[in-house]
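The letters A, B and C name the chains in turn, as written, and every chain counts its residues from 1.
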Amino acid sequence: MHLLQALCQIPAPAGNEAPLTEFLLRYIDQHQAEWDTPPTVLAGGEFQDCIILIFGTPRTAVFAHLDSIGFTVRYGRQLVKIGGPAVESGYRLVGQDSQGEIDCTLVVDEQTGALSYDFHRDLDRGTELTFHCDFRQTATTVQSCYLDNRLGVWNALRLCETLTDGIVAFSCWEEHGGGSVAYLAKYIYETYGVHQALISDITWVTEGVRPGLGVAISLRDSLIPRRSYVERIRRIAEAAGVPHQLEVEGSGGSDAKELQHGAQPWDWCFIGAAEDNVHSPHEMVDKRDIESMLALYQVLLREL
Amino acid sequence: MHLLQALCQIPAPAGNEAPLTEFLLRYIDQHQAEWDTPPTVLAGGEFQDCIILIFGTPRTAVFAHLDSIGFTVRYGRQLVKIGGPAVESGYRLVGQDSQGEIDCTLVVDEQTGALSYDFHRDLDRGTELTFHCDFRQTATTVQSCYLDNRLGVWNALRLCETLTDGIVAFSCWEEHGGGSVAYLAKYIYETYGVHQALISDITWVTEGVRPGLGVAISLRDSLIPRRSYVERIRRIAEAAGVPHQLEVEGSGGSDAKELQHGAQPWDWCFIGAAEDNVHSPHEMVDKRDIESMLALYQVLLREL
Amino acid sequence: MHLLQALCQIPAPAGNEAPLTEFLLRYIDQHQAEWDTPPTVLAGGEFQDCIILIFGTPRTAVFAHLDSIGFTVRYGRQLVKIGGPAVESGYRLVGQDSQGEIDCTLVVDEQTGALSYDFHRDLDRGTELTFHCDFRQTATTVQSCYLDNRLGVWNALRLCETLTDGIVAFSCWEEHGGGSVAYLAKYIYETYGVHQALISDITWVTEGVRPGLGVAISLRDSLIPRRSYVERIRRIAEAAGVPHQLEVEGSGGSDAKELQHGAQPWDWCFIGAAEDNVHSPHEMVDKRDIESMLALYQVLLREL
């Protein structure tokens, strides 16, 4: 879990993913020699802060978003949300501006819900703040801010170790309206003819998806994937005996939104472990669900 | 109206249009020899569950969506909406799961509005339910669930009988956020240079659009088409003497959303009969409006 | 300010921009000989009512939307909004229908908020109404309806006078859901390889952005541009000594939405003067902010 901890500690709010991109490029550079198949690495320039890894002759692409939720400093001591963070007075927020390091606390006005920070000085307009990372483990759980989606990134990186044919794409802006998957999907489809996607992301613990019972295969969220593709995935998961749960939601979204609405005929399915305390500094995931998530991705990238 | 009845009875909620696609492919295969011009049929593979028919040298494309609204079984006896169905306790819902045929009733919690089903057994998670089809006719009306948009599909199929130059595209996911017209539009524009569209779909009876007074030409809904294109259509309709009504709405949408927002310069106009009891099992359309809808499409595909 | 006044007086609600497009094409035709560099003019056909001007070897594209907010006549005396106009009983609205010129007043129902017009006769269904233009100036301010975005168009036209390398694109539908920037952005990116954009549009006076203190550089609105691009712009603005203010908002949008969500990797930044009385007949901008807006665009088109 050292890799996961390192990923969780790097600030990368939507729009400013570059620090995490640089970490990943270094990591890939250092580790790809140990991987079964060395990938082609596409990054920089027209890929902005995204990364695409091409392994062998790909049939399926895995999308994992790099960005996280957070806050932008507005005027006075006001804060504006980046994505949809949970908010509670006292949450510890960190960042950096022209005057140096920032370690402040979130203040939520009880009447109005207005957000501000408590610090000994004013912060530069436009400064980004993210949750302070307090990475915690037990025998069965891992807990931290930003498991959504550093765990999806971690899953994708671990998948790379044994991947022979497939694509791993690290995307940006997912938490705040999207903006990179449209061009990643176009590039991948037009260059490699690939139109099968898996979304390596984290979902919610609910009455129907319980911690420890296996990775969630989402049958739908606010969008509905093509039934025939999801059925193929269910059959492979069952045949492989990988513990999993079926999720059915009416809301929520992911990088799949851009696949669904883009001008290429993607089939997609969201597959990810469920977390408690969503979008808070205390996101918690059961280690068994992390295990089955990776196992299912390994099987699917072979068999889809 | 046998064809319309057959179309209404096939379940095809957004995301699972395949049964209707198969019906249409068989129908086209069986009937195209009787049509004035045999079309090129594009289906399968990169078209997912959509179908494109190319007639002669096309200048205009007709889009008719295959999918309908419905419900997905969530956890316990909960239901989640597919698209925006009308909901009323007692509506008869049908479907199929691993244990067999389903014929149950919708229950709407009066306090919370929460949706569930009443049946002698639990249904598989993720099962899709659609309205039971009770197809009814009088001398002047037709009534059924899913006239939206099986009537639009019917209109497109009847148009095929005499079409010499044009494109008919059957799309998916329209009721639930869209997802196929973006790639259909791109393919049609790039392959055939066509950028004029008509949306063959069903609209609402309102204070301004009355049953029996002719097909509705929509001047706008939540989106606003290019004025100059809509004006051309109005002039052709007036010159041809086809009964029609002008619709002006501030809300509502159609496959045109994806044309408007896509990366090709489409001109589009929604033209369709109006129905009462929208999105319920009792959608009702006046037969005179069906007649004028088909007549107007025939004129427009010749003259646009 | 004669040019700005002329631009403000031409009705061009979203969907019916053609009158303004024609004015601009005439203006460009008449004035380009006086410009430092004659541009290639792309208009008509696949560009619908948009215009693209190509100067030299472009690296950056400026987007300025032509369309304005307004109203559509529905049934009876009802009105439906085009975009998000401010509404107040008594606002003077003008237009034209089959029976001639229209000069009527807006009526807002105090109970329901329903919109209608007061006039001596009924108006044709679908007629578009816009604010009557009362163009006013003081030593330091300019005031009119539709400074948003005729001032952005004016800024782009003035920029053309000295531009050597760059693209100026005039877009449609921005006030009502967009619909042209997607294809303009695709064309520009694929033809010229340009993926840097500036949005020449008007923003709001707020507690953080004051009249007279310089053009606003937006660090974010409802969307978040890529941090590294915005930082480059800030550094250039500071080095050039052009008066400017940093804006941070959680809502609002612009043509940048289509750049962010399109299938090309655009970097974008909204840069525009702030106005008071947004989307009313009385939009007001400080002349010093207009000056610094043009000055900053001139610097940025040279240095980005």
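Side notes on the structure shown:
Note that in this section a contact is a pair of C-beta atoms (placed from the backbone, for glycine too) under 8 Å apart; a residue touches a chain by one contact, two chains touch by 3 or more.
Since this is a predicted model, take the numbers as computed values, not measurements.
Shared contact partners of subunit A and subunit B, listed by label: C.
Judged by shared residue numbers over all numbers used at their interface, subunit A and subunit C contact each other through mostly different positions, with under half in common.
As a whole-number value, the distance joining the C-alpha centres of subunit A and subunit C reads 36 Å.
Subunit B has residues 262-263 in contact with two or more other chains.
The touching residues of subunit C, when paired with subunit B in their complex, are 14-16, 18, 46-49, 72-76, 80-82, 125-126, 128, 172-173, 176-180, 182-183, 185-186, 258, 262-263.
Contacts from subunit A toward subunit B in the complex involve residues 195, 206-208, 219-220, 222-228, 246, 248-250, 260-265, 267.
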